[in-house]
Amino acid sequence: MQRLYWDEYTYAEIEGIIKKQPLVILPVGSVEAHGHHLPLNTDMLQPLWLAEEIAKRINALILPPIHYGWTQGLSSFPGTISISFDSLRGFVKDILSEVAKHEIRKIMVLSGHASTNHMAALRLACEDVLKEYKDLKIMLLSDYYIAYQYRGKLVPEDDSHAGIIETSRIMAIRPELVKKNYKFKKNHAGKYTVQVDYKEMVPYATFSNPEGASKELGEKLNNMILEELLKIIKENFGD
Amino acid sequence: MQRLYWDEYTYAEIEGIIKKQPLVILPVGSVEAHGHHLPLNTDMLQPLWLAEEIAKRINALILPPIHYGWTQGLSSFPGTISISFDSLRGFVKDILSEVAKHEIRKIMVLSGHASTNHMAALRLACEDVLKEYKDLKIMLLSDYYIAYQYRGKLVPEDDSHAGIIETSRIMAIRPELVKKNYKFKKNHAGKYTVQVDYKEMVPYATFSNPEGASKELGEKLNNMILEELLKIIKENFGD
Amino acid sequence: MQRLYWDEYTYAEIEGIIKKQPLVILPVGSVEAHGHHLPLNTDMLQPLWLAEEIAKRINALILPPIHYGWTQGLSSFPGTISISFDSLRGFVKDILSEVAKHEIRKIMVLSGHASTNHMAALRLACEDVLKEYKDLKIMLLSDYYIAYQYRGKLVPEDDSHAGIIETSRIMAIRPELVKKNYKFKKNHAGKYTVQVDYKEMVPYATFSNPEGASKELGEKLNNMILEELLKIIKENFGD
Amino acid sequence: MQRLYWDEYTYAEIEGIIKKQPLVILPVGSVEAHGHHLPLNTDMLQPLWLAEEIAKRINALILPPIHYGWTQGLSSFPGTISISFDSLRGFVKDILSEVAKHEIRKIMVLSGHASTNHMAALRLACEDVLKEYKDLKIMLLSDYYIAYQYRGKLVPEDDSHAGIIETSRIMAIRPELVKKNYKFKKNHAGKYTVQVDYKEMVPYATFSNPEGASKELGEKLNNMILEELLKIIKENFGD
Amino acid sequence: MQRLYWDEYTYAEIEGIIKKQPLVILPVGSVEAHGHHLPLNTDMLQPLWLAEEIAKRINALILPPIHYGWTQGLSSFPGTISISFDSLRGFVKDILSEVAKHEIRKIMVLSGHASTNHMAALRLACEDVLKEYKDLKIMLLSDYYIAYQYRGKLVPEDDSHAGIIETSRIMAIRPELVKKNYKFKKNHAGKYTVQVDYKEMVPYATFSNPEGASKELGEKLNNMILEELLKIIKENFGD
Amino acid sequence: MQRLYWDEYTYAEIEGIIKKQPLVILPVGSVEAHGHHLPLNTDMLQPLWLAEEIAKRINALILPPIHYGWTQGLSSFPGTISISFDSLRGFVKDILSEVAKHEIRKIMVLSGHASTNHMAALRLACEDVLKEYKDLKIMLLSDYYIAYQYRGKLVPEDDSHAGIIETSRIMAIRPELVKKNYKFKKNHAGKYTVQVDYKEMVPYATFSNPEGASKELGEKLNNMILEELLKIIKENFGD
């Protein structure tokens, strides 16, 4: 059986693998409330599925995932664990820096969580390392950058956190973790006002109605995102 | 099937579980060279196995693991990824702080990696949180604190990193990841001298000869450590 | 003549003004290359114009502006001055924290520069202060969040940094600073790749063609943005 | 009309100007209580006036000013905004570092505010940059280093914050911002005792009696300081 | 009389001494409660005595000592002064870095205090400097690493902080500071539980019974430790 | 014999002493070049002598001294050891914070070194602690604040580092450490220019000519400073 993960190899094996210049994927998740119907690891399951499918298809290797991310707005919901901006940035920077030191030159940081601050922490980490290693190339994205391109097409324009896309995708990946009894309510928040706790805005930690989600849609979306990602990877890093 | 991990639950489920005051286990690993015969995730596999066995037996829940640790001395070996002291401390502190905020009062941080600086980073993280939550109780250890009590009994006195205990335990947990062709050589380092790169001291990233390791010994050791851990947990946290 | 700026008053005067709970506006700019045709203070002139027009119309007061922002990607262009993420965050946090201490409860941070990292630094600063002052309300935006809503309508879909909107607006605000001889060239950058230096991507520091810009369009845009901003301020903070 | 400020130029223009090695002036102010008679921007108006007069006379360019400084002792007076030591140091360091990167070799940091901690933050920022750029020359001072040389001559020995010199100078620069009804009272503070709040010591945020201030004296002082500054600049940086 | 301390020389003298490549010793202590019978400087007196005896015998020079260390667990006992981990690390790093800059290549950091966190702070400081100066050699230890080798031989197995060894050694070094009326009580602490305050565990700040301590034993121990240290120094640094 | 130092007592003894509210003195020195004639510990010897004389006369106790300070400008002279600004500030803050926690309310920080940055680090440390302990009183000074009042009277106006005052005082305190063969040369440095290395300015690390120094003058000065200090202490802290 193919080993997909960086850390399943001995250091001597990885030395040989590095010579073939694989794409190295760092999956980043978030432990955060996703309504009454989705598990806390929702944002980890999705990039992990993608990373594994990619690693099965091309010359790529997956780093041990970072399960935790910045998700302060949901931090008052039970079970949510938000990492501070600086710790996340530092932790990711250290990983990328070590990987670059070992002569890897193609990295993709793939985050299931897409909140702006979270992504900024990841981007700053990437930038810190890129300044040191001039010939390094890093691709940084959330799979939701791609998924949300299907809004207004396959799903409503306002589909969001714990909505139809996300629910469908988890139904396709880990159906046994999805609960039936979702709850949804959304309150008005002032435009451009900064919120440090989303509890009042989304009392059930669901930002859009998941009604209409299905396993089939999830599989379709997962595959569309996978294909798009593979295409972009090829454009960026070559074959 | 029983869900053992914190993040496999929805936030609403975890809210109910927290009320039963489970022991919450944070497994910490290290991505580091363990000779020519053991995989880079050796220090993650062992505490994960223990954590899962514990969670099957008592009222406990496992947090998503931290795969990376401080392991600077081995950082020049291909594949090794060492997190800086401050990033590790900050990351762990943030996790524990959030868990404590959600009213968890029993935590065990269980690290497969036992290097002094690594453990100091974890301990400072624990202390930072304990100062804030006076009724919180944290147990912090490496399973090697227990395993090394069998030195001079089941294995030679100087058994260490990638030696007989560690090799045996991985043979019992993930036999397919263990390679046969180990290499071992150890050079003299000045007593009490501070080393920032172990490459000269241990050219193959193995600190003691693994010769004599076996799956049977591994199973025996794993179970002895498990029993000892369960006993200490009971003493510290009650039933 | 009406004094619009916070620091043109004595402390005794400001004490009285604070009692009337004005909206306090913090304008943030950036000293950065905007092509061969626009001045380095382009991103400061726009929010300053807006802030002054707002302060003339409603119960509002303008804090001394922060002329500098995070603009690392353009930092190799002569004259560009990029503040590091942490310094910017800390500086803005200190200002907001002091303003909140003086019992101000309505703040708008208005940035002419809209780059994601720059805005993340400002947002984290806002969040840090909001955690301390529970009844404080902060609105944070770039006027380009509004301006870009006119893309695909008044200007091409891809209008951007130093393009038609920006050139037109500066022609309306400070025509004497706009040069005729613009240069424009844009190269392909890998999708989602992290760039620490934009010089290769946009050799003249212009991200979209300014051809077609005019003073009239600038005045129209400035007024449309002003009206929209006044509307949102009213919704968020009341009369 | 001559453009005096760095950021009123395009990057292409500034590229040409840098080649002529101008003196670059960074004016630093403070938003702080100056009694019942002087505006909060008193410490910004003075170095700005000087900077502009200098830039009109010699080969010099003014950077966008930093309006805020460290002024903790007055921070409990309404309107005062004190930046923390570390934020101020970091912000100024970033600016100077970028300016030095663009090949500027003559810098003058000119602060209207002269408190010891404030000046220490600026000095450390300068030093951090000087260590990196060996051929860089930085002059750092408060115009009050010069102004206070006239104590015991033109004004009483103990003239200080918001006293005769400062009031006179603002009367000359922005007369409409000066109020008539000053209040003055000063209490004894223990010698060499560290004070974190000056409110008890100077209940009206005035450290010496402004009685006797006049526009004429202000103009005279401003010009004397200007002449002295021009002389020192010439000595330090040549023609 | 021989001058043993680095700072008793002029800079011109030290310049000459450095050329002979002496071993430079940095003694580190701790201001901490040592029961009712030992003074707060107990952990400083011991390494200072050793350092002086070494400097009398070999080509060595003593840096001014650091009297303070990390000792948080005892910090609630009157008189104890615990330095934070980061301050201690930074302070020691700065000293070592300057000493290495002056071309010293043999350093011994000798700490009377041996707590794990304290030693980790010192070790990280050493490592930070070693990464910069590749040909530098640093020996880091507590004299208690050696002293505790006599446990189970000259003293009971569990002899510890303020116990027989420590009391005896201070009786030999500064007898007039040792009080007769010791108090001793030790309570059970959960195995591997993290303690931030030891007061409940050891109500009199004594970790093992000092009964049986004597000046003679102290002299014997001091000399044994001295001989062992001299031997290791010779092995590590040559003659 | 009277014990003058805080750490010569047991914790139980110090508990009793604290109840009598002694003045607690923290002496701070600097390891820095003082010409060819004075030892590196010159700045430590002077405040230590003062502290001891004070503690013999009034209800006061001396904390273990900090031998190291910020002295970057002299750091290229052999033997000089300059602590970074942040480490010094953090270290002193930790000490003062612990002392205040133990209910001490009268502290004097007495530094033999008087450079502006050094004093700023100490002052910020004091301020950090004063914000926490509202009823704490801290006196911070260098004995040279007093000593320099005799300039133009007992010694020339420009007497300074390693000059007549300093040489005389060390001749009185530790005559055997003073060498005869002083060297002195001073070069012009640009007015208000920031210097990070004083080597060119003062090639022998002496800022003013020590010619004329004598033990008698030193004794006289030491006693005058002592008397002045005692007077100010009485004014600030009462009997």
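A, B, C, D, E and F label the chains in the order they appear, each numbered from 1.
Going forward, a contact is a pair of C-beta atoms (placed from the backbone, for glycine too) under 8 Å apart; a residue touches a chain by one contact, two chains touch by 3 or more.
None of these values were measured; they are calculated from a predicted model.
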Joint neighbours of subunit D and subunit C, given as chain labels: none
Touch-network distance, subunit A to subunit D, counted in steps: 2
Which of E-F and D-F has more C-beta contact pairs: E-F
Relative to subunit B, chain with the most remote C-alpha centre: D
Interface residue identity across copies subunit A, subunit B - same or different by half: same
Chain located farthest away, centre of subunit F as origin (C-alpha): A
Centre distance in Å when subunit A and subunit F are each reduced to the mean of their C-alpha atoms: 56
Between subunit A and subunit E, centroid-to-centroid distance (C-alpha), Å: 49
Shared interface positions of subunit F, touching two or more other chains: none
Graph class of chain-chain contacts, one of line, ring, star, complete, other: ring
Chain order around the ring, beginning at subunit A and proceeding next to subunit B: A, B, E, F, D, C
Parts of subunit E lying in touch with subunit F, wherever the complex brings them together: 5-15, 18, 29, 31, 33-41, 44, 63-68, 75, 77-84, 86-88, 90-91, 93-95, 98-99, 101-102, 177, 179, 205
In the complex with subunit D, residue positions of subunit F that touch it: 72, 85, 116-117, 119-120, 123-124, 126-127, 130-131, 137-141, 145, 190-194, 196, 232, 235-236
